[in-house]
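Next come two complexes built around chain A: one with chain B, the other with chain C.
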Partner chain A sequence: MSTALAAIAPELTLAVMALVLLLLAAVRGQAAARPVLRGGAVALALVFAVLGATAGAPAQSVFGDMVVVDVFATALKMALVLALMAALALSAAPMRLDNIARPEYPIVTLLAGVGMMGMVSAQHFLALYVAMEMQALALYILVSSGASSARSAEAGVKYVLLGALASALMLFGMALLYGATGALDYVTIRTVLEGVDAPGLTVGAGLAFLLAGMAFKISATPFHMWTPDVYAGAPTRVTTLLALAPKIAAAGALARLLFGPLEPLAAQWVPILVVLSVASMSWAALAGVVQGDLKRLMAYSTIGNMGYMLLGFIAGGADGLAAALFYLLVYVLSVAGVFAVILAMRRDGRVVTEIVELSGLARSRPLLAAGMAALMLSLAGVPPLAGFFAKFVVFKVLIDQGMWLLAVYGLLTTVVAAYYYIKVVKVLYFDIPAEPLDRAPARARAAVLAVSVLGVVALLLAPGLGLDVARVAVAPLF
Partner chain B sequence: MTPADLAFFVLAAVLLASALGVVFTRNPVHAVLLLVLTFFNAAGVFILLGAEFLAMLLIIVYVGAVMVLFLFVVMMLRVDPAKMRAQGRAALPLGLLVAGVLMAEMAAVALSFAALPGAASPAFALPEGVTDARALGRVLYTDFVYPFQVAGLILLIAMVGAIALTQRARPDIKRQSVADQTARRPGDAMEIVKVTPRTGA
Partner chain C sequence: MEVLAVFLPLAAFLAVGAGSQRGLPDAGAAFLACVAVLASAAISTWLFLDIAIGGNDGRIVSLAPFIEVGVLRVDWTLRVDALSVTMMAVVTAVSAAVHIYAIGYMRGDPGFARFMAYLSLFTFAMLALVTADNLVQLFFGWEGVGLASYLLIGFYNAKPSANAAAIKAFVMNRVGDLGLVLAMCWAFAAFGTLSFDGIFAAAQSVPGWALNGMALLLLIGAAGKSAQLGLHTWLPDAMEGPTPVSALIHAATMVTAGVFLLARMSPLLAHAPEALMIVTALGAATAFVAATIALVQTDIKRVIAYSTMSQLGYMVLAIGVGAYGAAVFHLVTHAFFKALLFLGAGAVIHAMGGKQDMRRMGALRGKLPWTYALMWVGVLALAGVPPLAGYFSKDAILEAAFAGAWPAFAVGIAAAVMTAFYGARVMILTFHGSARWAEGAHPHEAPPVMLGPLWFLAAGAVVAGILFYDVLVGTGPNECDTLKGHVGNFISTGCLWRAERFWDGTLAQAMPEGAHHVAFWVKALPTAAALLGLGLAVWLYQTAGARAARVAVAAPWLYRLFLHKWYFDEAWRAAFLRPALRLGAAFAGPGDRGTIDRFGPDGAAAASHRGALSLSAAQSGVLSHYALTMVVALAALLAWTLLGG
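Take a look at the complex of A and B:
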């Protein structure tokens, strides 16, 4: 038992810290909002230290093989903690300015983090499902947390209903696979499936339902319908969180499923992923073009980027998954900075999110504009920024596997999608300046933006380093 | 006839009678109370079957929580029995159809259950001389402690979220403050003015 508890020390630390902060909030009430936010950051730093201390430990399965702790889990948890930290840091200023400083929201964010960490460590359908529900429930609450805003409530209801549908689909898929294999843990399922020559209808249907639920979580077309509405309706501080952390968790859980128990079914799931990926890339490229709202644009950007990430899964093998993981991390790094800029968009104390509001920002706020331009060009895949390397690596593994057609198609959609990223740069630099944005001092926001932009630019110095880290991280799955 | 048999017949008879009462009584509050009686008797039948944990669950969850909620809803909503009766009659054919399909399905399951492979070997065999509540607790706190604790955290998140989302400070609403009211003295609110005749206030 004690080894099991030691193995999940990062999750335990985060959960216990969240409970302590909850006690503080219960005693001090609204006044605890700022201390709780700071405490949350301290808790995440502590968890990061714990993760760093245990990173080198050998892989182990605990709780009756329900939870596995290996380099893959630890690496993704570190990325998750950093993403949560960025989201918490970015939420400080808007919570103060919008007068909704409530201690509950940082606490719920931390508990969502516990669920996400559970997802990337799950090695059993039951553990995966409860962890996934935990993060989903916390996110539903955060999405609805806009101060008595009808749009936030609408986004929350939409997210809950579609999220419940996705959970149901996934649970059904798990039940079918359980019926076919008689096991819930990944290791046994894999052994059983390896012994089957031609998987029957039950296994095929279970796989399809499971993938539909996962596609909803990473918002891949055609299961993306919720993404633009929820991104636009949720308070921007929550959209930031939604765009960063849950994607890491879902991609990690998906990788564990596809290259673990479902590996013997690769011939069945590769075509499904091809459809999801092609549909996501195409739909995001086309629908993104007509978006006027920056948050909706970022929703389509997420959908498209998840499509490119899936290309790495399709290529398969350690190289393919490493490319996908590298792509995911570069995406998270860039998007954190983009949301730091979106959160800086206020005029006369009101939040603005339209792209035209950024007109001529280069004149009034040259640094902010330069940072945003760099991030947009990186997302578009313009060399020599990080986004270019990420796309290059993914296309390269595809071509190495002989999937020319898919790589060429991905390249074409990149060109279409580049239009809307570059349009933002054009608005920043070449449009007639609009009224200047409010100048609200926010050191945390500036820090997140600086880290993001520097990361995106500095990858040029060591393009191989990120990919090497990703290779080490995915090694335990193969 | 053993005492257990006798107990079963008494419990089953009261169960059926109170269940019929739920359907036929005119007063919705009586119907809810009769449903509580039904649950108690069903719990008794579960105990006779050796499923004490299910019996406890039935009483704690259904009688303790769900039925109390029902009672509140029924008492707060103004239900017109005559109107409901008319609506019920209109829905009778559909209701009978659904009931018939359900009965047929349950019969099919009951008839085919014994023939299912593995029906005789439960996933977790109950050890000799251990009650089912204890056996369940042993499994929940050993093999399944991880998902069980995560489920606990999920409930905590739900509670925190429900309170945080519904309890908003609304400056536009006037609230009653009992402390302020009782602390108020006549001097705070009234001014006694001596009015001399023929001059006015």
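Take a look at the complex of A and C:
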């Protein structure tokens, strides 16, 4: 038992810290907001240290093979923790400026984090479902936490109801697979499915339901409809969190499913992923073109980027998954910086999110504009920025697998999508300057932006490094 | 030494050009540019005496590697041999005269320093061209000359006609450049090298048709720069530049480039007899047609411009009949008397306050006595009256033509009559007769700074022929002994001063063998033609042009043909310009905008936008729509998995 507890020490640490901070909040009330935020950051730093210390440990399965702790899990958890830290850091300034500092926000974020970390370690349908629900419930709360905002509440309701639908689909899929294989744990399911020549109706249906639920989690078209509304309606600091952490968790869980128990069904799920990926890339590229709101635009950006990431899954194998993971990490890195810029957009104390509000920002805030431009160009896939390398490796693994038609289609959609990224650059540099944005010092936000921009630019120096790390991380799955 | 000679003008260009942006006073700009080009001229003259006259060996100075790609290896080099030092001496001498003259002519012009800088650049480019040891560096100078001429012709860049003329000169030259580039490509493919020595050494290993092809492409290149018939239309328009520029272009730094190219490539051309026949024909036609046009022009500079074209025709004709030495000889003498005529015309124009129409001149003899006298020297030299420079060189060409191709000789004699005629006509209309000046004209003699160069050039126009006849085109070995005591043989050492010895192998031959054995009447005919032309002009124009007018009325169609320059501009416009514009309009309108843009970028963009709008509409914000979408999508997935799988 003690080895089991030691294996999940990061999750435990986070959960215990969340409870301690909850106690603090209960005692001190609203005044505890800032200490709790700092405590949350400290907790995450601590977890990161623990993860780092155990990163080299051999893989082990605990709790009756429900939870697995391997390099893949540890690597994704470290990425998750960094994403959560970025989200918390970015939330400090808006909570102070909007006078809505509440201790619950960091605590719920930490609890969502526990769920997400559970997702990437789950090796059992029940463990996966519980972890997923844990992060989902926490996120429902956060989405609707906008103070007296009808849009936030509406977004929350949509997210809850559609999330519940997705959750139900997924649970039904699990049940069908359980019915077909008689097992809930990944290892047994895989063994059983490997023994079957042609998967029956039950297995096929279970796979479809399961993938529909997962597609909802990663915002893949046509299960993406919630994304623009929720991204736009939620408070921006929550949108930041939504765009960063849950995608890592969902992608990790999906990878464990597809390359674990469902591996024998690859012939069935590859076409499904192709449809999801093509639909996501096309829909995001087209619908993004007419968006005027930066948060909505980022929602479509997420959808499209998840489509490109799925290309790595489709290519399959360690190389394909490593490419997908690398793509995911570059995406998270870039998007963190973009949201740092969005959170800096205030005029006369009001939050603004329209793209036109950035008009001529290069005049009044040259550094901020240059950072945003670099991030947008990276997202558009312009060499030599990180986004280019990410797209390059994904397309390369596809072509290596002979799926060049899909790669060509992906390239075409990047051309369309480049329009809206580069339009932002054009607005920044060539449009008639709008009123300058408020200057609110926010060191944490500046730090996030700096890390993001520098990372996106500096990957040029060692383009192979990120991919090498990803290769190491995905090794346990194969 | 040769490095200094070539690069001093470049240094002057850089210094004066940079200074012109930073308030360098005009006097400083003039001083820098003139000193540089004078020093260059002094060194060039010394090199000429040392290598060409003194008979010391030429040399190839390697400066730096230029291009190294695969088997193509090209270096920056200065080739200093008899041909290049002759060219250098002429170019720098004329250029120095023009530089000094420009001090007076351009005085007070707001772009004075810029003008001086361009003149120096022009000189440098020409020097780089003539000292090239390979076709690539020659092309560098060739294009440099084109650039400088563009800048100078369009010097008055506020004037639309000057800009049009500059563009025309550049574009017409590009046509020729294409020929040269193709010739270079072919030469590289055939010989594997672009250095002159390498090409000449291998010339006979290549089939005759290839050599003929290369020679014709070189001819196209030369025709562009040297204004041969067909590609000549830029030359008269280039009169839009300030007059010193005209002098420089016509005498030293531009139009001679084509003739130089053909002379330089003569060891190759000598093996392409068929192409040489075309060269001869083109040269003769150019000489004749240009002379006819010059008969009837009324703009003083245009007459001289067509005269240049006609004389260039003679030079090309000389190349065609294998009289390479005579071609370069005429180039040298022509440089002096043509620069003299242009600068004299500049003095007249200066005196008339910028007017160039000879119908508004007349009776200037008393007002500009020195200019008058010096220009007569130029005209007589041009006409080929002995013992002036033009007599010797034109004579040599016509003798060679007689020996080589008698029709070319006949055409040349006809052109010689006309040359003398239009030369005298310019003098009579400008300086004699009654004053027909425009209101408010106060003609005055040019200042000494402008007259000085005229004196120098006039001296050259008088003695260049006598001095260099024997040196450049002198007798073949058979006549060695009879040469002693010839006036040109000023350092008599038997056969040592034969032309072949002078050229030292840089030309295929100085003169064709037959040219030395022509009958006396052949030698005398050009002089007779010149005197006939002069006499005709005096006779026709002595009564205030009344006789000339009657001639024009008597043959109106001929008059119109000449006046409209044989309708070359119109023909080109109809044959190339209009179809090209129509084609361009077709490609741009229905082609590019209507097809490529419409179905390409614009069409894709519009389709994307429409798609985006319809997808946005799908994002209704209504919760049940979203849920329905998910369920329908799932149903589709299910159907596909279950039926397909």
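What we mean here is this: the second predicted complex is superposed on the first by the 478 of 478 C-alpha atoms of A that agree within 3 Å, B and C clash if a C-alpha of one lies under 4 Å from a C-alpha of the other, contacts with A are read in each partner's own complex, and residues count from 1 in each chain.
The definition used in the following text is that contacts are C-beta pairs under 8 Å (C-beta built on N, C-alpha and C of every residue); 3 or more make two chains touch, one makes a residue touch a chain.
Treat the numbers as computed from the prediction; the structure is a model and nothing was measured.
Peer 1: Looking at the overlay, what does A:Glu133 touch: chain B (first), chain C (second), both, or neither?
Peer 2: In the superposed model, A:Glu133 contacts chain B only, not chain C.
Peer 1: Quick check for you: in the superposed arrangement, does A:Glu104 touch first (chain B), second (chain C), both or neither?
Peer 2: first
Peer 1: Once chain A of both complexes is superposed, is A:Gln268 in touch with chain B (first), chain C (second), both, or neither?
Peer 2: So A:Gln268 only meets chain C here.
Peer 1: By the touch definition at the top of the document, which applies to A:Ala41: first (chain B), second (chain C), both, or neither?
Peer 2: In the superposition, A:Ala41 touches no partner, neither chain B nor chain C.
Peer 1: Touch check for A:Ala318: first (chain B), second (chain C), both, or neither?
Peer 2: Neither partner.
Peer 1: So, A:Leu22: does it touch chain B (first), chain C (second), both, or neither?
Peer 2: The answer is first: A:Leu22 touches chain B but not chain C.
Peer 1: Applying the touch criterion given at the start, work out whether A:Leu171 contacts chain B, chain C, both or neither, answering first, second, both or neither.
Peer 2: neither
Peer 1: Looking at the overlay, does A:Val67 come into contact with chain B only (first), chain C only (second), both, or neither?
Peer 2: first
Peer 1: Per the contact definition, I'd like the list of chain C residues that touch chain A in the complex.
Peer 2: Listed in rising order, the residues are 605, 608-609, 611-613, 615-616, 619, 621, 623, 625-627, 629-634, 637-638, 640-642, 644-645.
Peer 1: If you look only at chain A, which of its residues touch chain C in the complex?
Peer 2: My answer: residues 157-158, 161-162, 165-166, 169, 199, 201, 204-205, 207-209, 211-212, 216, 222-223, 225-226, 228-229, 267-268, 271-272, 275, 283, 285-291, 416, 419.
Peer 1: In the complex, go through chain B and note every residue touching chain A.
Peer 2: These residues of chain B touch chain A: 143-147, 150-151, 153-154, 156-158, 160-161, 163-165, 168-170.
Peer 1: Under the touch definition given earlier, write down the residues of chain A that touch chain B in their complex.
Peer 2: Against chain B, chain A makes touches at 8, 15, 22, 30, 63-64, 66-67, 102, 104-105, 107-108, 111, 114-115, 118, 126-127, 130-131, 133-134, 137-138, 140-141, 144-145, 147-148.
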